[in-house]
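After this come two complexes, each holding chain A, first together with chain B and then together with chain C.
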Partner chain A sequence: MFDVFKAMLDGVPWTIAVTLLSFTIGCLLGFPICWLRMSPFRVISFATASLVLIIRSIPPIVWLFFVFFGAGGGLLNLSPIAAAVTGLGIITAAQMSEVYRGALSAVPVGQYEAAHVLNLNARQRFVDIILPQMLRIVVPSAATYAISLLKDSAVASTIGVTDISAVAYQVTQQTFKGIEVYTTAALLYLLLSVPVALFSRWLGATLNTRISK
Partner chain B sequence: MNELLGLWWEWFPDLLQGFFLSLQVTGVCLLLGIPLGLVFALGVSAPNKAVRLIFLFVVELGRGAPALILLQYFYYGLPSAGITFSSFTAAALALAYCTGAYTSEIIRGGLEAVASGQREAADVIGLNKLDALRFIIVPQALRIAIPSLLGFSIIMFQASSLCFTIALPELVSRASAIGSNTFQYMPVLALAGIMYAVVCIPATIIVTSLEKKLGASSQT
Partner chain C sequence: MSSVSPVSTAAPSVIKVQKTEQAFLSLKGLHKSFGPYEVLHDVSLEMHKGEVLAIIGPSGSGKSTLLRCINQLSPPTAGSVSMDGVTIEAGCSSSRNDLVKLRRRIGMVFQSFNLFPHLTVLQNVSLAQVRTMGRSKRDADKKSLELLDRVGLANKAELYPARCSGGQQQRIAIARALALEPELMLFDEPTSALDPELGLEVLAVMKELANEGMSMIMVTHEMHFAETVSDRVVVMAEGRILEQGISREVMRNPQHERVVQFLRAVRDR
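For the complex of A and B:
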C-alpha cells in the first residue's frame, strides 16, 4: 500500500501545476472578456456572450484535443502541459468572466454613482472603489470553481500530462492493484482541495474585515 | 470549404453513432443517478447520526473525486477485486454515482426550501413520515430542484466525453479514432464540438430562462 502511495505522489506536482497555471490564466483573461461582455455596443456584447456560451458548451476534453492535436499538431508544437494549460485556461476564462459579471452587478449602483460624484477618474473608480468590493463577492465562487478545475485537470492525463490520473493508470497496469491505486488517487484529489477551501475562507474573511473598517 | 463539408459528410454517420451512445450513457446515468441523489439527500439529513455520517462520506467522496477517476475506478480498479464490467456498464455506474453525489446536494436544497408549514400540515392530517415525504415533501422539493437538475444534466452530457478513457466508442472516441487514422484532427474535432454544442447551447438557454422565470415567480 505504501509503495503505491509513494508512486502516486509523482503525479501531484503536475496536477497542481496544471490547475494553478490554468486558473491564473483564466482569472486574468476573465477580466477583458467580462469587459467586452458588458460593452455598451450590443454587437460586441452579443458576440462575446455567444463565444462564452460556445466555450462552455463543448466538453474540456474536446478543447484539449483541439489545442493539442489540432493546433499543436499542425501549426504550433505544443507540449502536453502547454496544451492542457491553454485549453483549461480558456475554459476557466469563460467561466470567470461570468463570475466577474455577476459580482459587478452585485456591487450597489450607489457606489458607481458616488465614485463619479467624487470626480475620480476611470482607473480610480475601478481599482479603488469597485474592484475591492467585487473581489469580496468573487472569492467564494472562484474557490468553488478552482476546486472543480482541480478535478477537471484530470483530463490533462488524456494528452500525456503525467498527473495523478495518468500515474494511477500506469501503476494499475503495472501492479494490478486497481482498487488501492484509484482509492489513493481519489483521496489525493480530496486532500488537494482542502487547502483551496481553507485559503478561500481565510481570504474571504480578510477581505471582509478590510471592507468593514 | 467544399472539401471540409465533404469530409464531414463522410464522417458524420460514424460520429452520429457515437453521439447517440453519449446520449444513451447520459440518459442511463441520470435515470439511475437522480433517484440515488434523492436517497443520498434523505440519508444525509437522517435523524440517526451514524447513518448521516456514512452518507456524508459517500456523498463527499463522489463530489471530491474527479469523474475521470470514478470511471477508471469502475473499469480498471474493480477488476482487481474480481468484478468486471463492460465499458458501458462501468460508465453508467460510475457516472450514476457521480450524479447521485452532486444531485443529492441540489435535492437537499429543494427539501430544505419546502415551507415548514407543509410538514406540520402533513403531520396534522395524520400522514405518517413516509407518506408525508412521498406525497407532500418530495414532489415539492423536486419541483424546486428541477432547473438545477436540468443544468446538471447538461454537465453530465459533457462529462460523458470522459468515457473516452475507458474505451467506450462514444463521440470523442470516434472523433479521436478518425483523427489518428486520417491526421485530420482539426476538422473532425470541430465537427464533434459542434455536435456537443448543438445539444448544450439550446439546453443552456432554456435552463437559464427557466431559472429566471421560476426565480421571478417565487419572488412575487
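For the complex of A and C:
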C-alpha cells in the first residue's frame, strides 16, 4: 500500500502545476474578458458573451483535445502540459469573467458615485474602491471553482500529462491493484482540496470581520 | 429663475450673504432626460458665494437630479453649469481637466452616506486627500482627525463604518467631503435615511457649516431647517422651478398654487 502511495506522489506536482497555472491564467484573463463583456458597445458585448457561452458549454475534455490535437497538431507546437494549462486556463477565464461580472454588479452604485465625487480617477476608483469590495464577493465562488478545477485537471491525463490520474492509471496497469490505487488517488485529491476550502473560509471570514470590526 | 415661473419678490430682510456682482454658480437652461422621460425642463438658477440654498418639492420633482447635474455626476442633456470661471456645456465634450476643476470645488453628501465599507473611518476621510490633492498620508490623517473632531467623531477614527450609527456615518461623510476643501457643498436629502434624533446630529453639523459661510445647496424635506438655516428656498415640481425666494417668504407666503398645495400637505402631515 505504501509503495502505491509513494508511486502516486509523482503525479501530485503535475496536478498542482496544472491547477495553479490554469487558475492563475484564468483569474487574470477573466478581467479583460469581463471588461469586454460589460462594454457599452453592443457588438463587443454580444461577441464576448457568445464566446464565453461557447467556452463554458464545451466539456473540458473536448476543449483540451481541440487545443492539443487541433491547434497543437496543426498550428502550434504545444507540449501536453502547455496545452492542458492553456485549455483549462481559457475555460477558467470564461468562468471567472462571469464571477467578476456578478461581483461588479453587486457593488452598490453609491460606491461608484462617491468615488466619482471625490474626484478619484478611473484607476483609483477601481483599485482603491471597487476591487477590494469585489474581491470579497469573488472569494467564495473562486474557491469553489478552484476545487472543481483541481478535480477537472484530471482530464489533462488524457493528453499525456503525468498527473495523479495518469500515474494512477499507470500503476494500476503494473500492479492490478485498482481499489488501492484509485482510493489513494481519491485521498490525494481530497488532501489537496481541503486546504483550498479552509483557506477560502478563513479569507472570507477575515474580510467580513474587518468591515464590521 | 426657471423659465416657467419666478419668484417670491419680498424684500430680503435677514440675508447674511454678502452678494458679489457675479454669480458664484450659474445654471442656464438645464434639461435632463432619461430616455424618453425629461426630468428637468429648462432649469436656470444662480447663487452667490456663501449663500445657503434649500431645494424642496414633492418626490420625483427633479431635485436630486438637479443636484447631480451641478457636479456632472449625471451630466445634463442640455444647458450649462458655470462655477467661478469654469463652464461645462452639455453636449460639448468638456475636457477632463474642466470636469476635475469643477468637481474639485464641489463636495457632495448622499442620502445613503456611501462610505467605503472596506476602509476605516480615518481612511475614508484621508484617501481622496492623498490621491487627488497630493497630501502625504501623515498630513492627510492629521487633517482628517481635525475634521472628525469637528463633527464629534475623532474617537471613531479606527473603526469601520459598519460599527457607526447612521447619524455618525453621515457626519463622517460630511468630514470626507470637507477634507477636499470644497467651495460648494451639495447635500442630497442627508437626513432622509435617519431617524429624527440621529438626523438632528447631522443638521447641527450642517447648521454650523452654514454659519461659517460655506456655500451650500441642500435637497431636503426638513422644512423647518430649510426655513431657518437657508437664505433662499427653491421649490421644484415636475422638473421645473415653480418658485424661489427668501426662505421665510416662500415658506410662509407662497405665491404659486402648486407650492401652496405642497406646503399645506407637508404641514398637515
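Heads up, the rule we're going with is that the second predicted complex is superposed on the first by the 208 of 213 C-alpha atoms of A that agree within 3 Å, B and C clash if a C-alpha of one lies under 4 Å from a C-alpha of the other, contacts with A are read in each partner's own complex, and residues count from 1 in each chain.
Just so we're on the same page, a residue touches a chain if its C-beta (ideal position, glycine included) is under 8 Å from a C-beta of that chain, and two chains touch if they have at least 3 such contacts.
This is a predicted model, so every value here is computed, not measured.
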item: Touched partner set for A:110, first chain B, second chain C, both or neither; value: second
item: First (chain B), second (chain C), both or neither touched by A:53; value: first
item: Chain B versus chain C as contact partner of A:43, first or second or both or neither; value: neither
item: Touching partner for A:122 - first (chain B), second (chain C), both, neither; value: neither
item: Contacts of A:133 with chain B and chain C, given as first, second, both or neither; value: second
item: Chain A residues touched by each partner, larger count belonging to chain B or chain C; value: B
item: Interface residues, chain B side, partner chain A - complex; value: 60-61, 64-70, 72-73, 76-81, 158-159, 161-162, 164-165, 172, 175-176, 179, 183, 185-186, 189-190, 192-193, 196-197, 200-201, 204-205
item: Chain C residues within the chain A interface of the complex; value: 71, 73, 100, 103-104, 106-108, 110, 112, 114-118, 127-128, 131-132, 159-163, 176-177, 180
item: List of chain A residues in touch with chain B within their complex; value: 53-54, 56-63, 65-66, 69-71, 73-74, 151-155, 157-158, 165, 168-169, 172, 176-179, 181-183, 185-186, 189-190, 193
item: Chain A residues touching chain C - in the complex, by the definition given at the top; value: 108, 110-111, 113-114, 116-120, 124, 128-129, 132-133, 136, 207, 210-213
